[in-house]
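Shared between the two complexes below is subunit A, which pairs with subunit B and subunit C, respectively.
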Partner chain A sequence: MSKAIAGPEIERMIQLLSRLPGLGPRSARKAALSLLKRREDLLMPLADALSAAVDRITHCSECGNVDTVSPCSLCRDGRRDRSVVVVVEEVGDLWALERAAAINGVYHVLGGHLSPLDGVGPDNLNIPRLLERASSGEVKEVILALNATVEGQSTMHYIKERLAPTNVAVSEIQKGVPIGGELDYLDDGTLAAAIKSRRRI
Partner chain B sequence: MDRIAETWVGARLRSIMQWTDEGIVIAVRAHGETAAVAELFSRSHGRHLGLVHGGRSRRLRPVLQIGNHVDATWKARLADQLGHMQIELRRGFAATAMSDPGSLAALSSLCTLLHLMPERDPHPNLYEITLFVLGFLDDDSVWPALMVRWELALLDEMGFGLDLTACAATGINDDLIYVSPKSGRAVSASAGEPYRDKLLALPAFLIKGRKVPVTSEDVRAGLALTGHFLQTRVFAPRDAKVPDVRHRMVELIERRAQAEA
Partner chain C sequence: MAPSLSLERLSLTDFRNYAHVVIETGPGPIVLFGLNGSGKTNILEAISLLAPGQGLRRAPYPDLLRAGANGGWAVAARVNSRSGRAEIGTGFSPSAAAGQRAGTGRVVRIDGEPAGGSGALADFVEIVWLTPAMDGLFTGPASERRRFLDRLVLCFDPGFRSLAGRFERATQSRNRLLADGVRDNARLEGVEIIMAEAGTAIAAARISTVRRLCDVIAARRLRDPDSPFPWSGIELEGSLESALASAPAVDVEDSYARRLASMRERDRAAGRTLEGPHRSDLIVSHGPKNMPARLSSTGEQKALLIGLVMAEAELIAMRHSGSAPLLLLDEITAHLDDRRRDGLFSEILRLGAQAWMTGTDLSAFSALSGQATMLRVADAGLHSVHA
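Moving on, here comes the complex of A and B:
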């Protein structure tokens, strides 16, 4: 076991920082040192920001997004087309779609996917609220933007079935060749999916 | 002589700590930010785990999907360690099954049930059958019946094989239409008549040597038969239930049969 080189408070800080994605123990130590050096202009504002986030962060009651208000700022935005709901697995997927500015609809975050091995069933996901939203009459189309994995697609088929009685149009995002992708470098599965989902031009 | 023996033992130990085999991916778990722990059902080494460096990379994510047929090289310093795996795709069954909910449920059910097999215990016969079933997941007129046969093979490999060759009461091999829910042995129509409400139906396509067209009713009866023995002999002693994904597969097969009728 390595010997502690600083007080328990600093060691604890390093230990917690090392749990963040992209940081190992060595880089966490560097980050901690940087924070300690810049106590006034970085450490204290960061501590305040984290404290405020802990107090105010909540899940949107409408879509399951993470924000400091509920309903979230995306659901409150009057310029969005509320008749189109894009269903995603995680908040990170919502952020990716927002970054791409690909659609002006509203979102619905499931909070994961069905996984028989991990014991994640429909009751563990934000599916009942989606069904409520789809049945409200305001929604015309639900776009299932779920990952092209076995679990993601199993979840997609399950939701498609559950949405059938609501009579909203249900669509899925396409799978295939990525922009800039060269066929020679694509895996067999992606190529097969791309050929399967070909369209007439 | 001793030196020869030592060399042989050394070579043997080295061969234990490195192997190359083919397998089917049955589970993948993220490990750290870039690696993954892959679980394979391999031909000669059975259910086996290994750490795949870069297993969450763009290149390997499509390969490490459950149901995919892969080539694997496993290495470890000691035989009982988790070890590292290098994986290459042979055939992407996952991508083939993704567009159809029934095929996808069958693939998930198959991979989930393969977790029942003990770790590092080879079952080459079950492996071959599994690969055969995966190859037909894009043909929904074939795979439901194959899933029944696969589940029978799974029960057999686990030591709970059903004896469907002759009547448990009379020993004859004609007119077998029932299976005893207790003994797992076939029962003929005449011997089973007094107990018909308690016996399970035996679909004709499961009787050895009988070549008959498989109907959706046969598939339903076959899945009820294997489902009963999976629950009573495999899951109940573990205080568990047959996984939901298998129920979903059965439900989708039944729904499709109803739609066709």
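Moving on, here comes the complex of A and C:
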């Protein structure tokens, strides 16, 4: 922003909002104006929610999820199958799997992926805790639900190798044709992966 | 035969030396002539940006903005493509790019709708070009010949770009791990498996494209044994490419992964990965003389290159039931004797391609009189000539 258009408090608010993903300076100004206009029903509740988050939100000591309690509510949920651990890169991936109600297991959030080009190694990720969990005897299967990127796939290989000495079954999610997708529109790499991972019916 | 790809209307805005220029053209060849430095090649460069990639000079996008212009540059065209008629446009605005994350590409629009990236242009525009910068293709570094081949591979295999990106990213990751002194087998293996997978697929895609090109060259030899453009013998040189000739892809993949594992210390010392498809070469020979193209005379090399580029154009045309790609031929008549010049023009007319040719002298194109649009380039504008 070249020139300040409001007092320092408002400028600071716009500046911080513009650092959120998907918000540029223009939409941050819009969001700030909207908050200021709706002081009672939006700005104050949001401020309270944010300050409560600062006070209470923490990372789960078990799985790395974010919640107000540790272990998190998913790890405490007695109806979940604790013998199946789904490994994901980010909390967002966990939310996606939960939204789809895809599996009734528990999770393990790595907090990213191995990326030599960004200087991220195994020590920067929540991998030691995963190995502890896998060797505790309670876990029977680890499902690796990582991204199909270069980094996601090399992270998967690394974890698979690290889990080899434990006796848990390790599996990976399939790559291939999306539900409702047409083969004609798929890229070659996805098609090749789909053929490679075919199964007998 | 399907009609060839052609531009009906081309407009440049604040591009290189042009403030604003509009060219309306028919489907036939176009000759741009004028003095050195008048901006003929700039027009070809603008057209080359209507296809995916970085354009024929591979210039950074900010450099394309006309000196003294404030906003951004734009190139727009109405094209008659095999997917029908379309309005396509591309441009880049340095100020808009500065507001976004670093490394943003150019903007692309198709029929007024923003497209994800320049890759979307592949459905509409295919271009084959030949510029004086390519004169050293046979004597220069292997990387130039790989790029030449890979551009053709992309026409047949749109997934090739992401494959190449995957290989490059995995290779960079491995180089970094080696440089950082990481000796953890599981970490190195993780990226080497991806390199082996992508690398083998890259080699296989190149092999199938070279095979197609060889077929076209053989057919051209039969059709025109006295062509002024000698036929080229082409083959791929590379460890994965030769392994694929005698073993199934899965085995080649496995053995490349194993070799990568065994070469870690050597690659660590070298500071790069010494084996892979990023080291392959396209070996071209002068067919009739059975000698390496790089040992041929300058004139012969140019004739070989023209023959190769025309074979490439013909291959793309065959794939689209005869619809030829655009041809951009920069300073094409230089170093050509009369026989070769006339031979080239009749090849272009036979292919039915909209060829955009540049030259300093209109008389060199007199054989095309009545069949091509002649435009004089001067004072940052274009002027029709009725020859």
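In the analysis below, the second predicted complex is superposed on the first by the 200 of 201 C-alpha atoms of A that agree within 3 Å, B and C clash if a C-alpha of one lies under 4 Å from a C-alpha of the other, contacts with A are read in each partner's own complex, and residues count from 1 in each chain.
Heads up, the rule we're going with is that a contact is a pair of C-beta atoms (placed from the backbone, for glycine too) under 8 Å apart; a residue touches a chain by one contact, two chains touch by 3 or more.
The shown structure was predicted, so the numbers you read here are calculated from the model rather than taken from an experiment.
Taken together in the superposed arrangement on subunit A, subunit B and subunit C clash. When the two structures are aligned on the shared chain, A:188 is found in touch with subunit B and with subunit C.
Of the two partner chains, neither subunit B nor subunit C is touched by A:166. Contact with neither subunit B nor subunit C is seen for A:126 once the two complexes are overlaid on the shared chain. In the superposition on chain A, contact is made by A:155 with subunit C only, not with subunit B. When the two structures are aligned on the shared chain, A:116 is found in touch with subunit B and with subunit C. Legend: residue contacts after superposition of the two complexes on their common chain; A:22 is shown touching subunit B, with no touch to subunit C. Contacts of A:70 after superposition: neither subunit B nor subunit C is touched. Only one of the subunit C stretches 80-88, 224-232, 260-268 or 332-340 carries C-alpha atoms that clash with subunit B in the superposed arrangement, namely 260-268. Overlap of the subunit B and subunit C interfaces on subunit A comprises residues 116-117, 121, 150, 153-154, 157-158, 161, 187-189, 192.
Residues of subunit B touching subunit A in their complex: 27, 33, 59, 61-63, 65-68, 89, 91-92, 94-99, 101, 104-105, 107-108, 112, 115, 243-245, 248.
Residues of subunit A that touch subunit B in their complex: 21-22, 116-117, 121, 148-150, 153-154, 157-158, 160-161, 175, 187-190, 192-193, 196. Contacts from subunit A toward subunit C in the complex involve residues 24-25, 114-117, 121-122, 150-151, 153-158, 161-162, 187-189, 192.
Residues 99, 157-159, 162-163, 166, 169-170, 172-174, 176-177, 180, 182, 184-187, 189-191, 193-194, 201 of subunit C are the ones that touch subunit A when the two sit in their complex.
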